[in-house]
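All remarks here apply to the structure that follows.
Just so it is clear, A, B and C label the chains in written order, and each chain counts residues from 1 on its own.
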Amino acid sequence: MAGKATSTPTTYSPSPTSHKTKVPIFSDDRVRPDGRGFNQCRPAFFRTGAVNAASGSAYAEFGNTKVIVSVFGPRESKKAMKYSDIGRLNCNVSFSTFANLVHREGSDHKEYTTILHKALEGAIMLETFPKTTVDVFALVLESGGSAKLPIICFSISISDNFVMHVVGDLSVVISCASLALADAGIMMYDLVASVSLSCLNKNLVIDPILGEENCEDGGLMITCLPSRYEVTQLTVTGEWSTPMLNEGMQLCLDACAELAKIMRSCLVDAAPGSEE
Amino acid sequence: MGLPNASGDLSTEMEVDAFRRLFPLRFYERHLAESIRPDARPLERARDTTIALGAVASANGSALVKIGSTTMLAAIKMEVMTPSLESPDEGCIAIDFHMPPICSPIVRPGRPAEVAPVVSKQLSDTISSSGVVDLKELSLVSGKAAWMAYLDVYCLDADGALFDAALLSAIAALSHLQIPAVAMNDDGKIVLISEEDGQKQETEAVNKEKRRLTLRSIPFSLTCILHKNYILADPTAEEESIMESQVTIVLDSSSQLISLHKAGGSVLANTSAIQDCVALTRQRVKELQSILDESNSAMEVE
Amino acid sequence: MVGLSSGEKQFIQGGIAQDLRCDGRKRLTYRPIYVETGVIPQANGSARIRMGATDVIASVKAELGKPSSLQPDKGKVFIHIDCSPTAEPAFEGRGGEELSAELSVALQCCLLGGKSGAGAAIDLSSLVVVEGKNCWDLYIDGLVVSSDGNLLDALGAAIKAALSNTGIPRVQVTADASSDEQPEVDISDEEFLQFDTSAVPVIVTLTKVGRHYIVDATSEEESQMSSAVSISVNRQGHICGITKRGGAGLDPSIILDMISVAKHVSEQLLNKLDSEIAAAEAEVEDDES
């Protein structure tokens, strides 16, 4: 695999002829480039049971972000692992080679992997599967940088090798993973819903896409257990004043509650007996 | 794993399941003697096959293929390269097959599946030797620029017959591929022509409008398991793990043999068995051809 | 790992509940902080921070690089943390990798600001030499020498001190090359530019033990935590980054309360740190003269 990559000559994606300069994305009418309002998430779609070979799996689609998560186990922990009277959670997040606008080697994403692990850990009843491991593997098929929407915020020179992933992808991965866990019958205290938000020129924009995230002043991602109203994971970057942060958190929490409703209805639909 | 239905006795249901796990080979042989497989297929029948084109919005061409529950997602991204000196008028196709950890319990992160590079090699060999794509069609400016088509096939769900599904998805993605309209600018770089700006720029269009590839002699394949005197077409992962001898035959649309692959195994195939397999493949090619044509015409209607 | 008997655990938890911790501190009191700067002569800037038995070193190395074409008017900053096996036997081999990665991500989140550059500790546009051609790449490396809890705050403080100790060589662009080529530059050996570190935030980690939260937890106290929130706050009192550790869920109102406590604590910490850094810098200069 690696051998082939090195033997291929260097290539580039043809870039658009019209070079648009950096435009502030928003006009006064509070409408975003893709037609959404500031407080509007992309349409969310979930389906469980996407992968037959796995104990449980889920597919999620938020606009152009497409993610599959498979759950394996509980199965025997690696031999090298020490005895543990609670179960282990093992996560992995990777991207397909065509996830982004530019073709590149598909790769594991270590940072997302640790964040996914931390986001789920608090929701799973690890004591229900002692000595064993549950594997949660995610593959981002397509990233939030949408192909149909031109990225009007930036004219990206695509030949650049600068790796850019959208934090918004991660929140989709987390929500999708909790559905996959539920599908696998892993005991959890609650579903895990995750929503991200960008602060752009003092505007709070929920569920940002690539073009928006690239010029954000601040980013916020909340992962919560909606029924218990608890935050399991919180990441804030950029500069925030306290009132702004409060408002952003509240917006995200409300969006998480909405998202959880969609997730729950997906599980209800998939439950045996619901078809009759 | 259906729920035991009300009429069936739970205890016998459990026993069948236990028997299947404990004596998989005997379990299968009992079925084979009755000319039926545990998933209710006759021995020579392939599983239901579907093709969905355009599954990846960000790619130039893509297809999602399902054979039973084996699922493959193929996507093509077109990039520009400088062609090699030996073949200045030819583009290139780089084919890669991936088995991410989501697809099967045997694949773990950091430990790629053994079969992945094998399928990857078979795939690129088949596509290049069949001549399905004329690489000259991928040329832009002789000696200066040509298309490099990155064709990546992802296995999303592995349940046997991986090569068959991977090849079908690759072919379907190629048939869906739209080569973008591009021009060469002053710096000798290839740029996209966007549809909205009508004003003529001082660029020279090399590929004026979006176009598709003409695919010639499309390869299709069928994998069969040989076990004793039985031939099982399109095996599931369970069947592959129990009975090891496999034959994969690739024919093109006019039933010419492109490749025949038998990777060892305990069963030595005799000529008649191979001929039977070829006959099965010939039938299967017709099926697959019509499924592909259907999905392509469905795309055009849209 | 810290092995504690149930008696010891209760003692720690009870102490925190009564606002009197094992080492006599109150819940929101830091251990004394010792700052040393210029500990690594080869680096452009370096500092060592000790808080109790926690001992970390941060170094800043500046190298000329090429800005990314997405942001031609900005330099680049890389943060990497290593956990030395001397700090804990568990860090031997690949054991420290996970913690190293976690700390690196948390520091990037707390120090690098938003994508537009708002709230960043270092103004990336100040690192540009020639737009689109040359910029400084700052490699910030942290090393955990000894670990007794509160690593993130200590590393944050060490990076702050190392940055104020950093001198970036003055660069003269000698020949203005045509649009395609790299311009020739002349790096001065004598003249150094000092960094403006007023925007560098401090990181305050609040560790929740029982119903209360404490600052600057020792590793014994950390072993009793349910979760911890690290908040980075700058001089203006603005939040520059938050990360959460530990799996247990937190009520949103508690997080908001933690943020306001962190803002209050950060003010004292910033003042304390600034004076310590100034004292350490003065000492270095005394030694040199």
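Please note the rule applied: a residue touches a chain if its C-beta (ideal position, glycine included) is under 8 Å from a C-beta of that chain, and two chains touch if they have at least 3 such contacts.
All figures in this text were calculated on a predicted structure; none of them were measured in a lab.
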Line, ring, star, complete or other: which describes how these chains touch one another? line
Quick check for the class: compute each chain's Cα centroid; which one is farthest from the centroid of chain C? B
Cα centre of chain A to Cα centre of chain C, whole Å, reads 27
Roughly how far is chain B from chain C, going centre to centre by Cα mean, in whole Å? 50
Which residues belonging to chain A are in contact with no fewer than two other chains? none
Within their complex, state which residues of chain A touch chain B. 1, 4, 8-18, 50-54, 57, 64, 68-70, 72, 75, 92, 94, 96-103, 106, 108, 135, 137-139, 141-143, 145-148, 272
Residue set of chain B touching chain A in the complex reads 3, 56-59, 62, 69, 71, 73, 75, 77-82, 84, 92, 94, 96, 98, 100-105, 108-110, 112, 116-117, 120, 148, 150, 152, 154, 156-159, 180, 182-183, 185, 189-194, 197, 201, 203, 237
List the residues on chain A that touch chain C in their complex, please. 110-111, 114-115, 118, 121-123, 154, 156-157, 159-160, 162, 164, 199-200, 213-219, 224-225, 228-242, 245-246, 249-250, 253
Per the touch rule, the chain C residues reaching chain A in their complex are 68-70, 98, 101-102, 105, 109, 112-116, 118-119, 227, 229, 234, 237-252, 255-256, 259-260, 263
